[in-house]
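Two complexes come next, and they have one chain in common, chain A, joined by chain B in the first and chain C in the second.
Up next, the complex of A and B:
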């Protein structure tokens, strides 16, 4: 027995690593008709890890002080070896993470995977989606550029339309009457401690729920695509005739991850300024609002809704209603059918919703 | 090509690919975290004699490390202020005319030699010249 095998045996007899690996890898069976959309969760885990790692690296040189923040980011980009790489990866990663989140959300919607008994999975995913939006918003301010300063001013201002306590809410969010050094401190703490820790906890809960319910059966290539769950008692959805997670699905997962990383690399190396408009390279000036300041692409639909509706309160109410509807979808849509083509009303609403979202985004961009 | 050779070739290729990827990630990471080179090396420090009256010491930064210039009974000495025991910064004891390390009580004479305590070596002496009413260190 070579030393490596000896070490393996030494560990195995203590914590039963072989049995665990067999149960979670080769013995973990997934549906035979599983598709690439199921890899979006793994892609998101990889992207979150990249964000954590690059974020920690940026913290080595970033100074969360209104006087020094912009300088420190410029220093990272221009002076520190490979600083540009880690900063660009962090910025591109956040955008691609949101893109993958949209994909994950839509795949769950179209395949009806949010239906019983997966209400908790959906809700935890919905919370995660909002947390990622929150971490993106708070991170946006940290470079203390004209873009980040004014985009944050506009974003925090929109909370002011809440009746009665609107102004107090805005001041509480900013830590002052207007965006300034206290806002940077607050957003920094939220961005590097509070929200990442909450996201990590929610990811843990999301995976725990997935382990308890089992992977859903994709509604494609089957004669009966209705939800088989009746709700009499707890039942783990297993797939005894399925394919093993390792090596079968793990390799497909890896292919999807590498494909996504190729897209990531393409943006980082060939389109590094895709998410950096000119105002991102100018230090924040609280007395000079630049022309046509816009939020990030994923906040453009919200921004445009607030602009086109007659009152901001109505805009906020419409967005609140849409988000509440999305959060409570598993409790509203009680039908058992899961195949999207057999759910014409759902499919129509879903496509209209996507077109409205994309339309508002484009309108917001060019308006 | 038989199965054994093909497997070995694939395993070697995969290992090379993984090693290449690890290198491509680790190299930027190490360069990013490596301490930045400063251009303080060999930069002379000029201190006017008026700043060091007899019996006093002046601490300053020399080539990135603390140094001390001391004047006593008409004599000048320029030394590294880093204790040779565990790297604490020595303090000038005017009344005793010696240096004392606050960490473990090491004592050094004005020329840097160890008087007592745990320091294994004298304080490093730094080259200096006196001209036109000022001291130039380095």
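Up next, the complex of A and C:
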């Protein structure tokens, strides 16, 4: 027995690593008709890891002080070896993470994977989605540029339309009457401690729920695509004739992750300023309002919705109602059918919704 | 059937909500910059006679773009309609012709100095030109070499000497404009151009001081020295561009590597299936 085998046996007899690997990797069976959309979860995990890693590297040099924040980011971009790379990766990563989140959400929606008994999976995913939006918004302020300063000013202003407590809410968010050093401190703590820790916890919960309910069967290539679970008792959805997670699906996952990383690399190296307008490189000046500030692409539909509705309060109310509705979707949609083509009205509405969403985004961009 | 319809309507609403949902926040509105509202503009802007003439040319001028308003040159109180033109509030009004260089020179100190030393300045009050003869008054624009032209110069004297000065300065002007554009581009891409911007500012000032000089030999000598300064800046910019090009080459390898690895993983997965 060579030393490596000896070490392996030494560990195995203590913690049963062989049995664990068999259970979680080679013996963990997934549906035979599983598709590439199921890899979006793994892609999101990789992107979150990249964000954490690049975020830690940025933290080494970033100074969360209104007087020094912009200079420290400029220093990272120009003086720190490979600083430009990890800052660009961090910024591009946040955008591509949201893109992957949209893909994940839509795939779950189209394949009816949110249906019972996966209400908690959907809810935890919904919370994660909002947390990622929140971490993006708080991170936006940290470079202390004209773009971040004014975008945050107007974003926090919008809360002021909430009746009765609006003004207090704005002050609570900013830590002062207007955006300033206390806002930067708050957003910094939220961005680097509170939200990432909550995201990590929610990812753990999301994966735990996935393990408890089992992977959902894709509604494609089957004669009966209805949801078989009747709610009598807890059931783990296993797939005895499925494919093992390792190596079969792990390799497919890896292929999808690498493809996404190719897209990531293309943006980082060839379109590094795709998400950085010129105002992002001008230091914040509270006395100089830029001509026109636009939010990031993923907030453009919100932006445009608020602009086309007669009042901001109505706009916020519509969005709040929509978010509540989206969160409660599995409790509203109790139908058993999961195949999108067997739900023609749902499919039509879905496509119209996506077109409207993209339309509002484009409208918001050019308005 | 009714329940199913209600369900579908609810889902339709959901999808429409998706279009306007996602998150609460990041509400950003148009914040178009507006010129400061002054009583000068309010009153003169509505006048149809001579008093209203300066408003439009000023609005298109380099002064307006830089936030220099009526009161910055003419004094007075731009917030008090009653006392706006009161000498007690510092109102100066329109300067006499001989007073124009000193009037503009309150801000353009170095240029006033150069002008007064030049043949133009020495002829002040003897039919020589003032600032507004060449630059105009309210319509004043950012100066370029085009200000030296046959039509303008020939109004007072022959164009020959001015043409030689212009020829000596032309390459400097071209390089200045090009390097300025390069620095702006790099700044908008996140490159720290502060030091280069300051150097260019100093070089440009040196160049602008030539405008009021009419000594051809001196202009040629100074232009050559300025070209040398600009070449150094150009060198820094070229090195930055080369560095960025190298990043792209590295990026091509990284992206290519990811694609090849993705293909291999896909083929391996197929072989297991």
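As a working rule, the second predicted complex is superposed on the first by the 367 of 367 C-alpha atoms of A that agree within 3 Å, B and C clash if a C-alpha of one lies under 4 Å from a C-alpha of the other, contacts with A are read in each partner's own complex, and residues count from 1 in each chain.
In this text, a residue touches a chain if its C-beta (ideal position, glycine included) is under 8 Å from a C-beta of that chain, and two chains touch if they have at least 3 such contacts.
Everything numeric in this text was worked out from a predicted model, so none of it was measured.
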Which of chain B and chain C A:35 touches, first, second, both or neither: neither
Touching partner for A:57 - first (chain B), second (chain C), both, neither: first
Contacts of A:336 with chain B and chain C, given as first, second, both or neither: neither
Touched partner set for A:151, first chain B, second chain C, both or neither: second
Which superposed partner A:278 touches (first chain B, second chain C, both, neither): second
Contacts of A:311 with chain B and chain C, given as first, second, both or neither: neither
Chain B versus chain C, judged by how many residues of chain A each one touches: C
First, second, both or neither for A:77, with chain B first and chain C second: second
Partner chain in contact with A:86 - chain B first, chain C second, else both or neither: first
On chain A, the residue positions that both chain B and chain C contact, one per complex: 79
Chain A residues within the chain C interface of the complex: 74-75, 77-79, 84, 130, 133-134, 137, 140, 150-151, 154-155, 157-159, 243, 247-249, 251-252, 254-256, 258-259, 261-262, 265-266, 268-270, 272-273, 276, 278, 280-281, 289-296, 298-299, 301-303, 305-307, 312, 315-316, 318-323, 325-326, 329, 332-335, 345-346, 349-350, 352-354, 356-357, 360
Complex contacts: residues of chain B adjacent to chain A: 28-29, 31-34, 36
Interface residues, chain C side, partner chain A - complex: 4, 7-8, 10-33, 187-192, 247-248, 250-252, 254-255, 258-259, 261-263, 265-266, 268-269, 272-273
Chain A - residues contacting chain B, complex: 57, 60, 79-83, 85-86
